[in-house]
Amino acid sequence: MKHFTTVHDVHDVHALVAEAIALKQNPFAHRDAGLNKTLGLFFMNPSLRTRLSTQKAAQLLGMNVLAMNMDKDGWALELEDGAVMNGSKVEHIREAAAVLGQYCDIIGLRSFPELHDRATDYSEHTFVKFLHHCKTPVLSLESATLHPLQSLADLITIQSHAVKPKPKVVLTWAPHVKALPQAVANSFAEWILAAEMDLTIAHPPGMELCADYTAGATITHNQDEALADADFVYVKNWSSSNDYGKTYDDASWMLTPGKLHNAPDAKIMHCLPVRRDVELSAALLDSNRSLVTEQAANRVFAAMAVLKRMLEGLPQTQNAMQHETVNAL
Amino acid sequence: MKHFTTVHDVHDVHALVAEAIALKQNPFAHRDAGLNKTLGLFFMNPSLRTRLSTQKAAQLLGMNVLAMNMDKDGWALELEDGAVMNGSKVEHIREAAAVLGQYCDIIGLRSFPELHDRATDYSEHTFVKFLHHCKTPVLSLESATLHPLQSLADLITIQSHAVKPKPKVVLTWAPHVKALPQAVANSFAEWILAAEMDLTIAHPPGMELCADYTAGATITHNQDEALADADFVYVKNWSSSNDYGKTYDDASWMLTPGKLHNAPDAKIMHCLPVRRDVELSAALLDSNRSLVTEQAANRVFAAMAVLKRMLEGLPQTQNAMQHETVNAL
Amino acid sequence: MKHFTTVHDVHDVHALVAEAIALKQNPFAHRDAGLNKTLGLFFMNPSLRTRLSTQKAAQLLGMNVLAMNMDKDGWALELEDGAVMNGSKVEHIREAAAVLGQYCDIIGLRSFPELHDRATDYSEHTFVKFLHHCKTPVLSLESATLHPLQSLADLITIQSHAVKPKPKVVLTWAPHVKALPQAVANSFAEWILAAEMDLTIAHPPGMELCADYTAGATITHNQDEALADADFVYVKNWSSSNDYGKTYDDASWMLTPGKLHNAPDAKIMHCLPVRRDVELSAALLDSNRSLVTEQAANRVFAAMAVLKRMLEGLPQTQNAMQHETVNAL
């Protein structure tokens, strides 16, 4: 694997999940896999789980880690080619990405959407430019439209609890107080469908996800119908992808125990952070139906499996420090 | 040792001090003690000495470290059970603590008091909830009411300089420009008394410390009397624990060389940072009576001794990565 | 080498450049050079390249790293001796430096000038005090007047591309939107002249650099004349060192391809971050004349060579943890 930005970078989803589960059972067996390799983690937006789990995964593989909060450290990047840089942006993404590529063997990047202009966000404007200019394998720590490390962890969690070969998985829209990206939902759909599970997506009218990610899923506005016989219920808010970035205000979509009357064995999932009693009732989060902590724990093994594959994909002779020819006199 | 949040977590204070002093003499002898173990350092408030010394201690023990500024990174935690999370708090301490517990074998937590409501702060509201939900050994990096790593470092420093078996130790209140917690003072009293030293506490009327920590100490409002024949003088400001959080304005309590006329050999201590010529005169800080730098240096060995004990206390088969049963299909 | 704050700390510049180039060819050969040694990186100002490259260099040498943003973490230091600390500064540089010196074997420090008072900045007020009180070898990560790690990386880059023994190197002033320090320019001049290369400095009237650093260079206000037959053109803005901190507004000094008509083989250099089409035309940055990415990559080997020399210069028996005598009772 060279880059990891979508499920399409993965040759065999089931094999990757199996490798992650094996790593969970034996996390210290590959301490030399990343020897002398450097992982850069660059955050244009806040991160807790992703930062810690990816850093831990890299440590378990013996990699060196360089981390930087591009947002907090006020290193505002210019993204537009041709810009005359006489404003507040101190560096162009061309130079920043090229330099970071020189310091790292693999680069993890987080860059959220702005939720203003759909075309810009869905072109993965920032990610694509960064990836082009850094000339180094890139690991998505969540892009404008996708969050593949989260989805892989979700799939590991489902596989670990599924009691039938093709479980019924339901992704149900949830209320929220803020406009959130569609990335987690898009990505979850993409991965569950790639794993050939039975996916139903329930959301209010107008909150359709981008069809590129949902082909093959059953889509409904009837939450009650969707939840019937569910094995796994994934709760997630997203803002509109049509009336781009708009939120929807309907508290009746909050998941409660009562709504699961036809799904007595359904496990509850959420990527966290979760707004208790807004998205999802506290009673469900605190019940033994909830897999949310385990999902977060599985982020480590998702990142480990992906980093291990990316390390294996590095050219044998690659040495991030020798991109440039040295012509010593 | 499982948790380390107060002197009561320590079976034998003298043995712990002796171990820290042995580690100082031979700091590189235990580089494998923390192999494959992860220490998380989570700061809800700023930190310089505690952050650096604890991180260094972990590195000397071969641990991996994950550090995060919860405050700076704007990850505002909801603490109240039952809260409907429709405000500015993005995550509940229940989920945050549970997830961090999954990533770490030992968690260091710093959480200052708010100094608004004594009952809340003295219940160690945040610490207790975090400790309960993370299900992982917790190391205090300073809580609302105590700072045991500082106190252990102070005790190491005193032991290293004491020329009699039971030195006279004086804790004297100092002026300051801000309202500070009582944690360092409470904790110092608790540890000095646990070590069975002779402790005198001098403070202005109204600035009593909580009696839970001071039973056995001589307490006086007469600074001059307190300082007579002192072997060690610990200078520290704290805000009122009765008229909770109120400050007291009396520059005459600043420690100066002249006040030590009856304590010619007294060593001067302070946990730092110190306000020069406000809490303590610059002349004393710059004299060879001052132990403040050595106290700060001893923070490394205090943290090492505690972490080593906590590592020894981990279940032999414990593996933070395997809290969840893996039911791979 | 004990400290590294200027070219004068280097016995033989050519030997240091040669060592850096050898390290670039074989970066993993000295993984034990820094075993059990701790590098502290303390930033009073923002940093991207310097932070990442120095951290990477330390990792390649097997050192432990403790990093802290003094500016971001709001740890405002009092610099003035004799100050009564009743204001907003929480700690004096005397205590802060002394404590950091206890935690580290080598300390990297970044401290920019304020550009208000020339005498203060050029006395290296902050750096000198820090160095005095920390009692530990200090590595400059850019001081008020000099940036020697950048200059060493620049020299490595020039040596790697030079096709004649004494190349013509031109430092040309560039327009900018902000008032920048003179440090990179001062330091570049100092190092190029120490390496006995042919240096021409071109700048508008009034933008003279401090003569202490430029003795031996050809200095001109005629950019066109300066650029003729150049082998390397270093583009850099600086504010006035006479009318201290004043900027100069003349877009005609921006370097463009057309200006290089008499220097067909000239390579273009810049320390980054660069304002595209303000300091330097995008066309030049995107051409194969540009060495800017390679300069940034060479920062790792500059830092490695310097750290390796500083590690070799540490007393054999030195142990940062044992500065204080332990008198265990």
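Every chain is named by a letter (A, B and C) in the order it is written, and numbering of its residues begins at 1.
Quick note on the criterion: a contact is a pair of C-beta atoms (placed from the backbone, for glycine too) under 8 Å apart; a residue touches a chain by one contact, two chains touch by 3 or more.
Remember, it's a predicted structure, so these values are computed and weren't measured experimentally.
In terms of which chains touch, the assembly is arranged so that all chains touch all other chains. Judged by shared residue numbers over all numbers used at their interface, chain B and chain C contact each other through mostly different positions, with under half in common.
A rotation of 120 degrees, rounded to the nearest 5, superposes the Cα atoms of chain A on chain C.
If you average the Cα atoms of chain B and of chain C, the two centres end up 38 Å apart. Multi-chain contact residues of chain B (touching two or more other chains): 72. Here chain A touches chain C in the complex through residues 36, 38, 40, 64, 66, 68, 72-75, 78, 81-87, 90-92, 94-96, 98-100, 102-103, 319, 321-329, going by the rule given at the top. Of all residues in chain C, only 18, 21, 24-25, 27-28, 46, 48-49, 51-53, 55-56, 59, 69, 72, 159-162, 165, 177, 272-278, 282, 285-286, 292-294, 296-298, 300-301 touch chain A in the complex they form.
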